[in-house]
Structure formats: C-alpha cells, structure tokens
Amino acid sequence: MTSSSDVLLSAKDLSVRFGGVLAVNKVSFDVRRGEVFTLIGPNGAGKTTVFNLISRIYTPTMGEITWHGEAAGPLALTQQAPHAIAALGIARTFQNIELFEHATVLHNLLIGRHTHRQTGFWSEVFFTPATRRAEVAAREKAEQVIDLLDLQHHRDSMVAGLPYGVRKVVELARALCTEPKLLLLDEPSSGLNVEETADMAFWIQDIQHELGVSVLMVEHDMSLVSKVSDRVLAMNMGEVLATGTPREVQADARVVEAYLGTVDDVSSLRRVA
Amino acid sequence: MTDVVLQLLNVESAYGPIKAIRGVSLKVRQGEIVTVLGSNGAGKTTILKTISGIIDPRKGSIEFQGKDITAKDPAHIVQQGLSHVPEGREVFPLLSVKDNLLMGAYTRKDRDGVARDMESVYAYFPILRERATQDAGLLSGGQQQMLAISRAIMAAPHLILLDEPSLGLSPKLTKEIFEIVVRINRERGTTILLVEQNANMALNASDHGYVLENGRIVMEDTCERLREKEDIKEFYLGVKDDGVRGERRWKKKKTWR
Amino acid sequence: MRFIFKTSYDQDIRLARHGGHVFWYGLLAAFLVVAPWAIDEYWLAQLTFVLIYGIVGLGLMLLAGFTGQFSIGHAAFLGAGAYTQGVLTNLGVPFPMALLAAAALSAAVGVVVALPALRVKGIYLGIATLSFGFIVEEVFARWESVTGGNAGLHVKPPQLFGWSLGSGNGFYFLCLVVAVLSTLGILNLLRSPTGRAFVAIRDSEISAQSMGIHLARYKTMSFAISAALAGLGGALYAHKLSFISPDQFNILQSIDLLLMVVIGGLGSVHGAFLGAIFLIAMPQLISMGKDWLPAVVGQAPGLQGLVYGVVLIAFVLFEPLGLYGRWLKIRTWLQLFPFYRKGLFKRQKSFTKSDRLR
Amino acid sequence: MQILQLLLSGIAQGCIYGLIALGFVLIYKATETVSFAQGDLMMLGAFGAFAGMSLFGLPFWLAALLAVVAMAAFGVLLELVVIRPILGQPQFSIVMLTIGIAYVARGLITMVPGIGTDTHTLPVPYKDQIWKLGELVVNLEQLAIIVATAILCALLFAMFRYSKLGIAMQASSQNQLAAYYMGIPVKRLNGLVWGLAAAVAAIAGMLLAPITFVHANMGFIGLKAFPAAVVGGFGSLPGAIVGGLVIGIVESFAGFYLPDGFKDTAPYIVVLLMLMIKPNGLFGEKLRKKV
Amino acid sequence: QQQQGVGKDEIRIGTIQDLSGPLAGFGKQARNGMQLRVDELNEQGSINGRKLKLFVEDSGYDPKKAVLAAQKLVNQEKIFIMAGHIGTAQNMAAMPVQFEKNIVNFMPITAAREMYEPLNRLKYSFAATYYDQIRLALPKMIKEKGAKKVCTIYQDDEFGLEVQRGAEAGLKTAGMELAEKTSFKRGATDFSSQVAKMKAANCDLVVLGTIIRETIGTVGEARKTGFNPTFLGSSASYTDLIHKLGGKAMDGIYATMTVQNPYTDEQSQPLRFWANKYKTKFNEDPTVFSVYGYVIIDSFIKAAQKAGPNLTTDSFIKAMDSMTFEPDMFGSPKSSYTATKRLGNDQSRLSQIKDGKWVVVSDYVTP
C-alpha cells in the first residue's frame, strides 16, 4: 500500500457517458509523486477521455478526481474551472497536437508561461520596468526548456511549417514551460521514428528525475512504455483491465489478447516467394 | 517498362522559400509495396502530397500509369485511380462514419461494388460498423485512423499512398493494419506506396524501400537487403526494449551522406 | 538583407528592432509634426480623419486580428464614445474628462456585448454583434432626452486649458497625440502576457484554456479594450463632425470599419492605419478619377459603390494579407534586391477546414 | 380575430425572412461561408425578371424562368471568376469577397441609366389579389412565398440529406483537403453551390418584388434574414424557416402590442436572447471539438 | 482680398449629392436639374461676364463623407458657394467647414428647420419645411373631411419626426390630439402591424411621414385589409412614383407640395416645354428633385446678377437679403428673404392622386 502523502492525483470510480457510449466506466487509479504512470489500451478504450476529464474538458457523469498537489490539502478537481487546472500545476499535450499555429515556437512557449504572469494590465500598457523584467525572466525560462529539448533550430519558426515530429516536441516544451507538477502526455511518441522515440524516452526520464515532475502518459509504443514507466494501467472499453509494473501488465493474458497481439512475429507480412 | 505505375523524376517541392524535397526520383511497379523511410521532416509527407497534387512541384515530373499528372488538380488525380491516406487522419468531422466511407467511394459508379467493399471494411474494423451513424469527429484518434484507411480502400484504387497508417494505433491493430495492407495488395493487386515510422513492420511488408534524408533520397534497395544494413538497423529498426542505442545518449552520425 | 545578432533577451522585447526602424519611424513622426504647415488644409482634414479611424481600427484590429473575434457592430462603440463625448462636452465637462468617460463608457458597453459573445463563435458572434449594433443605434434614436434622438446632437468644439482646439491644427495635434498614445499602449500590450493570451485564443481556444488562460476574462477584456479605443475614436469623431446623429453609427459604418482592418491587413498594427488611409482616401481618389472617365460612366450614380466593391474584391483576390502584407513583400523585395527569386511569394495551394470546430 | 390576422401577417413576413435565410444556409452548409451578397443576388434576380417583362415584354412565367436560369449561370460565373481563385483561403476572405460582390452588384445596377436609381414594380399575374377567409385577409403574394419556401426547403433538405452530391458538398466544406483526397471535384461543386444559391436568390427576389418593389437597395432586407438563420441554427435548413417564422411573428406582435421602436429591434433582441439561452440556435447541433 | 471662387470669367458653385447611397435617385435628379440651369446660362449669356462652373461631390448620404466632400470643395476647388446640398445630417456636418471659410450654404435640399434656424448670415433655405407643410395643411383637411380621429405613421428618423411634430402642432390648433402614432425604420417593407394598430384605433385620417415605398406599402396594406381613412402625406411622398408603382390603390391620397411635378404631358405649356427639354438632355423624366435643382441655380443666378460685378460673399448676402422671387412656372409661391428671414416661404399646396396622376386641389394654404 502507498501512504496517501505519496499520491499526487487520484481518480475514483470515474465514469463518463456520451450518448450511448460509455467511454469511461468506473476507472480508479492513483498517480504517485515522482512516478511515470502510463495508460495503455486499445483504440477507443477511453484513455484520452481520462485526460480530458482531468483537464476538465469533460465533466464526469460519476466519480471523483482528487488533486493532492496543494499544501492546503486535497482538492476536488471536478469543482475547478478548466483554466484553473494549469494554475494548479497540471499541464498536458494533445493527441492531435493543438499548438498556436500562427505563432513562433518561442511565442508558443511564452504562452505556456501564462500561469506565472505577475504583471497587471496597466503595467503592461505602460510597459513598466517591472513588466520588462518579467518578460526577460519569462524568456529565460523558455530558453531553458528550448535547450533541454534541443529546439534551438526552430525557435523562431512558425509552428504551421514544422514537421509533425517537431511539433510533438514543441507541445511537450510548451507544457514544460508551465512548470507543472504533473504532466499529461497523450501519445508522445506517435509519429516519431525509433531514434526520436529514444530521445523522447530520455527527455521523459529527465523530466521525471531532474525536474521532479510526475508524468501521466498514454502511449502505444511498448518499448517506450517499458523503458520509462514505473507503473502501467491497461484499459479496455472504458474499464480497467490490469495495473502493475510494465512487465506484469504486458504479461497479462487479457492485455495481450485485447491490446498487444503477437507483435513480434512479422512473418505473416512476408511475401511468400 | 510498362509495369511502372508511378514514376517521379527529379521532383522538387517547396513551401515558400523552404525547399522540402530536392530532386527526388522514385519508381513504383505494378503490384508492389514500396516504402519510404526517413526521419522527421525528411520530406516523406511532402512527396506524397506532391504526387496527389496537393503541392505543385517546382521542378520535375510525375507520371501515373503512363500519364503525366504533374501539378494537376488533386480531384483529377484521384479520379485516375490513386488514393491517399493522409497524415493526420483528415476525416470529415461532422459527417457520420458511414457517409465518410461513402465519400471514399465518391469516384465510383458501381453501387454493388461499393456495398461489397463497405462490408469488407466493416469486417476489417468492426468498430466502424458499430459507430456507423456517429459523427466521425467524435471517434477516438485510432478509430479515426481506421476510418481514414477504410475510406481509401472504399475508392478501390490502383495505387494507395499510405502516410503513417499506424499512427496512434495499438500494437495489435498496427500489425492488423499491415496484414490488411498486405492482403489488399495480394488479393486485389493494389499497388501501395507506404510511408511509415514503424520501419520494422514496413520493411517486412514491403518489396522495395527508399530512404529519404533532408529531402534527398540517400538509399534505395529491396527491403530484404535494406533490413540487413547497419545504418538501417541503427536508426530505423532499433529493435526491442533497450534497442541498439540502449542507454547511450549520444547519436551516431549517419554514414550515407 | 539585414541580419541581427541578438545578444540579450531585451533585444527581443524592444519595440524598434534596429536602427532602421528608429530612423523611419522618426521620419514619420517628424512629418506628422510638421504636417499642418507642410500640407494644405484639405489634406490635413483627411489626415485627421485617418488618425481618428486609425484609433478605431486599432481597437477592431485587436479584437478581430489578434483575438479572432469578429465584430459586425463596432459602430455601436464608436457611437457610444461619440455620444458620451457630445453630451458631456455640451454639459461643460472638461475635455480630457469627457474623453476618458467616452472611453470608459464604451468599454462598459463592450463588456456587455462580450456577455453573449463568450458563448458563441464565428458567424454566431458576427450576428450577435450585428444585433447589438442595431439595438444600440435604436437606443441613440429613442433616448431623446440625452441624445437628441434623430434630430441629432451638436457638439461644441473641444477646449483644453481654456484653449480652443476646434480648428484644424489644434484638433489635428489632439488626434495625433491620442493616436500615438493608443498605438504605443496596444504595442506594449501585444508584447506582454495579455497580448499573447489574445493570440492564443485566436489560434486554439482549447489549448489556450489548458495553458491556464481564462477565456471569458480575456475575451471580455479584448472586447472592452477594443470598445474603449472605438469610444476614443468616436469622441474625436464627434468633435470633427460637430454633429452626430444615430444613423451615422449604422451597419454600413460597422462594415466600413471591418473592411478597413481587413484591407489594412488583419493581425498587424500597421494595418489599422493603412486601412484607415485606404478608407478615407478611396472616395477621394474615386471622385478624382471620375473626371477622366466618359460622362456616361464617370457621372453615373453608383460608380463609387462599384469601384469600392471592385477594389475590395481585388484586394482579397490578390493581396489577402492586406496593405501591410503587400508592404512586407515590397520590403523583402527591396532587401533581397538583386537576389529576389521568382517563386518567393508564390501562393501555396491551401485548404480550409471547418471553422465550426475550433 | 385581430390576433389571427397579426399571426397571419407574421407568418407571411416570416416566410420572406425564411426564404432569404434559406439562401444563407445553403451557402453555409456547402461552403461554410456566410454570403453577404445573397440579398444583392436577390436584387439582381428581381431586376432580371423585371428586365425580361418590361424591356422584352415576356410573359411572367417565361421571364421568371429565364431570370432563374440567368442568375444560376451568373452564380456559376461569379464562383469561377472571383471565388475560385481564393478557394482554400480562410473563410473570412470569402466573406469579405461577398461584401465586395454586394457593393459591385448594387453599384452596377445603380449605374444603369434610367433604371438603376428608380423603383419598379414587377407585374406578377397574382399582384394585389387577396383571399378573404371570413374576416381574415390572405394575400396571394404572401401565399406564393409560403408555398415556394416550403417546396424549396424540402428540396434542398433532401439534397443535403440523401444525395451523394449534397453530402459531398458538406464534406468539402468540413475538410477541403480530405475532399480532394477523396476525388471530390471541390471546385466544380462549389460552382454548383453558388449557381444554386443565385437561383434561390432569384426566386426569392421575384417572390419578394410585389411586396418590396424592385430597386437597387432591396437586398438590405437580408439583414433581417441573418437573425432568422441564427435563431434557427445557421447550418439547418428547416431551422432557417422556423427561425424566419419566429422572427416574423415576434415582429408582428411586437409592432402591435409593444411601444414604438420595438418592432424593428425585436428580431435582434430575440437573437441575443437566443444566443444566451441556446448558443447554437433551435436546430443547430452542439459542436465541440474532440481533442 | 480676392473673393474665393469668383474669377475673371467664372463662378464656382459646389454641390454635394448622394450619388451612391440610398437617395442616389434623388441626388442624380437634383444634380441634373442644377446642371440644366447652369448649361442654359452658359449657353445664353453670363452673370456679369462670368460663366458658371458646377462642382459635384458624392456623399453617399454619409455625413463623414459629406465633411470630406465639403473640405474638398471649399479648400481644394475653392468654390464660391455651396448650393443644394442634400440631406439634413450631411448639411449639419458640412456647414461648419463652409462657415469657417465664409461660404454660404445656399438652399440645401432638405426641409429641416436647422437649415435656417438658428439664424446665421450664411444660411438660406427655400422650401416650406415638412413641419410647416403638415402643420398648416392638417387643420384644413380635418375640417374638410370632418375627421374625428387622426393618426400618424412616420419613418423613424428626423424626417418622419418632423412630419409627426407638424401633425401634433396642426392638431393643437384644431384642439385635438393624435389618436395613435406608429413608426417604422427606414427601409422597412412590412407595415401590417402598424396598419392593424391604426385600424384598431378607428382612425379616419392618417398623416403619412413616409416617402415612396413606405407610402405605397402602408396605403396598400390598408386598402387590402379594408381600412380606408383619408391619407395625407408631405412633399416627400409627392412624387410620380407613388401612382406609377402603387397603381390604382393609391388613388385618393393627398399630399402637400411646394413645386409641381413636371409631367411631360403637362397642361401648362412652359412647364411641358421644360420637362421635354430635360428629358431630351438626360434621357429620363424630370421629377420634383430636378425642379429643386433647377430652381436653386435659377435663384442663385438672380441673386448674383443683383449683387453686381463685384461679387463677394458680402455683396451676395446683401443682394439676397432684399430678394423677392416671384412665382415661377413650377408653381412655387412667392418667396422673399431678409437679413433675419432666411426661409423663402413656408407655404405649400395640397394635391391628390386622381386617376393615377397628381392633381393640384388647393391653393397655397395660409394659416
């Protein structure tokens, strides 16, 4: 058992229904401080929906999400406004990439600094020295993230013209700029090749160990999952199939049946000469 | 040679001042599966977009089934029997799944054939049948990907361009997709040009492969031989869990330049 | 071609990026200061109008170009400012106070408009603002005890420290000062978190929200600032025309304002003023050109509307980025000279996606 | 009795709004642009029929048919010349284009010597005829509008719901790129849509002519059709009709029972209320992006 | 100092018309009328050796454009006088520009009281205001028809309000009050609820603060629903379009007028001659606005002649302030100006549509 002070975010009996589809059904899990917790599951299992529930894009039909990141004690996330989530220290990336297309990479990262804004409206209008200092500070922070994720080349490029893989990284960078306590990553490696996926793995490890950020991740690439996750939760049709270490979950027969299949055997693809 | 379905000669495309592909030439023969590998931003998507007329090339020519289709209207090119599964799904978000599939068959006149193909894609992806009346925009990422692939199948084309079909699909489904691709190729003789990050699957399923770097083709061979090359192993195949790279953070320089 | 090596973050933040900027804007400032003596009265009057409409355009630009919220009822804010100014001035309120009140009241009206606007987008927002415009116009016409109703309202010339600013030069400088201050304010805002929040909302509401941006607050703020600037412009407009009536703030005025920012170039501060120049100069150019045409065409009523429409269409077709976009191209061309490549500005094929899902 | 008569004239007026709103919705559904030129296309259509009847002395039905065909051709041409070149640019550009087209149409008509600046009547065969149902007076001109609106609405509805063409139109408005990938001739369909919209506008113009007369500014009535379309939900054809009726009836009753000034602002007040209660209108689907 | 706009052999007259806005039709007719008289003068002679030159600007009925147009005419074209500027708000906005340069606002085409009130030495106005027209005509109509309940429907703008106020003032003299008043917005096409309201109030005389389409719309709707009171309009509804467009249903309505509509088959020979001359020149039938334009220039010519060879603003004002214009072929009444009376006359006649044509039915109505 884990002591409750270890838990950063806990979901209890989460359910949400869209018309006839029960997208998430009584899902409970805890994300502990400092861990990488991964959701896996077949397509349409409800993984993204869980993210959307946490970031308050949807409201659960039933269940609770509790946030333990505040010194003041646990907080019911379901009571929070959507824009308040980031301020609590929960940042996310999107499965389909939702960047600010008509802005540069740097600009995107600076928007990520929004929750740390200290200047008031009028001091911005007059651009007081304090505002100037705050701006410089924001840029410094953004540059740190740029350095961490090797985005120097793209700093001043418009997002609209970036290749898919780079955008994925920019999204991660933007989320990091909010200095989160919990980072939600929706399929961080999709669209990346093996080499880039390896980079992503290192970054996630750095984020976990050096920045001390907990990560909740949805991912299909099992090599990445096993490399970085501390614990894995497998879902299917909105319900929890199994929880445990990556190895345990991958060994679960039901997970293999619903999700993994016989991946390693590629002989079926080969053409018989 | 008459059995060349698609031929690119010295094609060069750019986004404004940025050249994305430079002098790409490639050939796809009848009944083949050809794959294009390449890292991020290499220009794979750009090649496919140039073929289907979404981007007009600056230089070079593209021939499909012996006809010049360079810079033609995309709708016209598709009508020649070429179908493109785009990067990023691109479903019609406010149409039902079924209408999306019907739009896939827009260029076809044979109602029976369309109905039959509809049944077969439903058989490939039963979830689509389940969600036939739901708006496609509300499907999960992977479900939309299935829809996008099915839509291309519905067109019953001679040539399918597949841009990262496994994007966002579960491991099991990824393999199934490749099995379906191979099946379509074998059963219907459909020629396929495949762009894929999952090089392991792609190299196993394909006959011929090209490697693209920075907009240039740097290697071309049969897949069997490509699979054996050191660089390919290092950069694209990676192999299981800890991979070739293992805990090594630095990258090896590619040797084909 | 100019390359700038940045050595400090501050360099990124500064308004004038390099010496060239300082030089050219200095030149512009110098011209604007000596203008009353350099150009004749008629052109000065035009320039005054350009400044007034530039201020209004600045507001609409912030709303439409940067926050992505289109208003087809902006004349209502212009009117609110104009009437506030008119009524207060006639009551003897000192000019600066009246001006501030005009801006404040318009901002308040802006906040009210933002209420329905928070929940709707795209065409729905357009129609909501349009409706609001109609209702406000009706209020101007019906609230006779204050606005003088349809009979209109005379506005006394502005007085500043016992010094009448009603005449050409004084009033011109007044407009110039207000315009310069508003522009600086907006530029400052745009390089600070508030401005970035606006741009974020324009590009993706969902991710703006997930970055912690309070959509309702920033949209309301955008409406309020935009309305306040329109109100300022309206106040000056009231003095310039010295007579205001409800039908000056009708839908056609609103459409004119929208056209102004579009033709100027959505999403650029320059665009607001370039658009204003266009809006004011166009009718003059047309009436000058008239004499060159055969009488059947030149003297025919409706010519003005026709030319206006044709020019608008031509702009959208050939320069969707507006006057500012054209200027950028010319500048790049000059900088690259003689290395300009032909395909540089060739338009890409591009494809639209549903705006309904944003 | 009084109430019935008010209701009746509200319905009749509402159908006018609905008929124009139908044109908006048609364009919107198929291209996702809002056409500010619809009112002026209507004006051109009415002038077309007027020209046919007065200048060439054609009988009404022939002139009407010719006007519709001519306007359809004009719509196709318009698409070809001004809209196609910027197809794919942000929708807002096309909205601006339609404003430009509206100016040009109005300007051109005004320039026609001896005709453009004047107001004309369209001598339709059913002009000024009325039916009396007891004390109720039914205007034949208005009845024609009601009937035509119903038929047009049904036809367009069927097209969008059931025909491949109609679905393809919607598809290309939702995702042009994907439409191209599917081999949908987006440009040709777009031309068709504008042709269709112009034809609908011409029909509306001719039906309206007996009531509003034919003049260069008759298109401004379109401004009241916007609220109608929004109340109904902008993407819905039946919504356009229902929205039109709501606006028409509210206007009629507001004019009678409320103080002066409310009749003209009532539609706009209704719209604002509607947007606060039901932001997507009566029939508009609630859309939300799935991320 | 040299007088602006008066050269050795020319006098520059400026006018601002609506050539692209809602009143483009009227604007064009007024311009043509002015041009006709200018050309006549230039062909036949001169004013003390000076020819006339007319500068026309388009305001599109937009006060902002009117200001700019006035700026242009006054400061760029250096006009001597502004004549026949159309529109109330447009005049209000343009006048300060003119007055700053001592330019007379001569007979603007708008019947608003502000065109001569408050008194300004640079303002001259010529036609009876809508207010006066109705104020004087209404009591007479009430007496003639024995009306018990008077209602009004008016356009919701300054023009309509003037009519409505005129009606109220007229009723006051008859010791009555408006039984019902309804309004509509410019450009309205549906008058059913207004008519229903007036019908419900049992009105037997309706004062029309309407222009053309609204007049026809209102009267037509009333006739259809079996509501047949006496209709009385102002000179704004006195145009041939009413019967041309409205057809038989318009028969019987009354309107006040200051000049007669110049039918090309007119009884009076000079008027018929004039109308045909206009038609030949501009290829369209003249209207009352053509007459306004013509009369304005005609009056200017007379006053300028009188001012003598040394034409300046002051000498022109001096001449105007003792001018009397005799009734002309258009049937306008005698009018006169002094230093304090800047409205030529406040009288109008009544006419009625009979068999699809306006017919004069009364002499000038005097209080």
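A, B, C, D and E label the chains in the order they appear, each numbered from 1.
Methods note: contacts are C-beta pairs under 8 Å (C-beta built on N, C-alpha and C of every residue); 3 or more make two chains touch, one makes a residue touch a chain.
Please read these numbers as outputs of a predicted model, since none were measured by experiment.
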Which chains are shared contacts of chain B and chain D? A, C
Moving only from a chain to one it touches, give the least number of moves from chain C to chain E. 1
Averaging each chain's C-alpha atoms to get its centre, pick out the one most distant from chain B. E
Give the chain pair, either B-C or A-D, that is connected by more C-beta contacts. B-C
From chain D, the most remote chain by mean C-alpha position: A
Can you compute the centre-to-centre distance for chain A and chain E, using the mean CA position of each chain? Integer Å is fine. 74
Can you work out the whole-Å distance between the CA centroids of chain C and chain D? 31
At what distance in angstrom does the C-alpha mean of chain E lie from that of chain D? 36
Chain centre separation (chain A, chain B; CA means) in Å: 28
Two or more other chains touching the same residue: where does that happen in chain B? 15-16, 54, 93-94, 137-139
Touching two or more other chains - residues of chain D: 107, 110, 113, 116-117, 174-175, 177, 180, 216, 261, 264, 287, 289, 291
Listed in rising order, chain E residues that touch 2 or more other chains are 20, 24-25, 28, 156
Judged by the touch rule stated earlier, which pairs of chains are there in contact? A-B, A-C, A-D, B-C, B-D, C-D, C-E, D-E
Which residues of chain A touch chain D once you look at their complex with the stated criterion? 48, 52, 57, 94-96, 98
Residue ranges of chain C in contact with chain D within the complex: 70, 115-116, 119-120, 123-124, 126-128, 130-132, 134-135, 138, 141-142, 206, 251, 255, 259, 262, 266, 296-297, 300-310, 312-313, 316-317, 320, 349-358
Listed in rising order, the residues of chain A that touch chain B in the complex are 18, 21, 40-45, 48, 95-96, 161-166, 187, 190-198, 202, 220, 222-223, 226-227, 258-264, 266, 268-271
Could you list, by residue number, the parts of chain E that touch chain D in their complex? 20, 22, 24-25, 28, 156, 181-185, 187-190, 192-194, 196-197, 200, 212-213, 216-217, 220, 224-226, 241, 244-245, 247, 249, 283-284
Show which residues of chain D lie in contact with chain E when the two form their complex. 2, 5-6, 9, 13, 107, 110, 113-114, 116-121, 128, 130, 137, 139, 211-213, 215-217, 220-221, 251-256, 260-261, 263-264
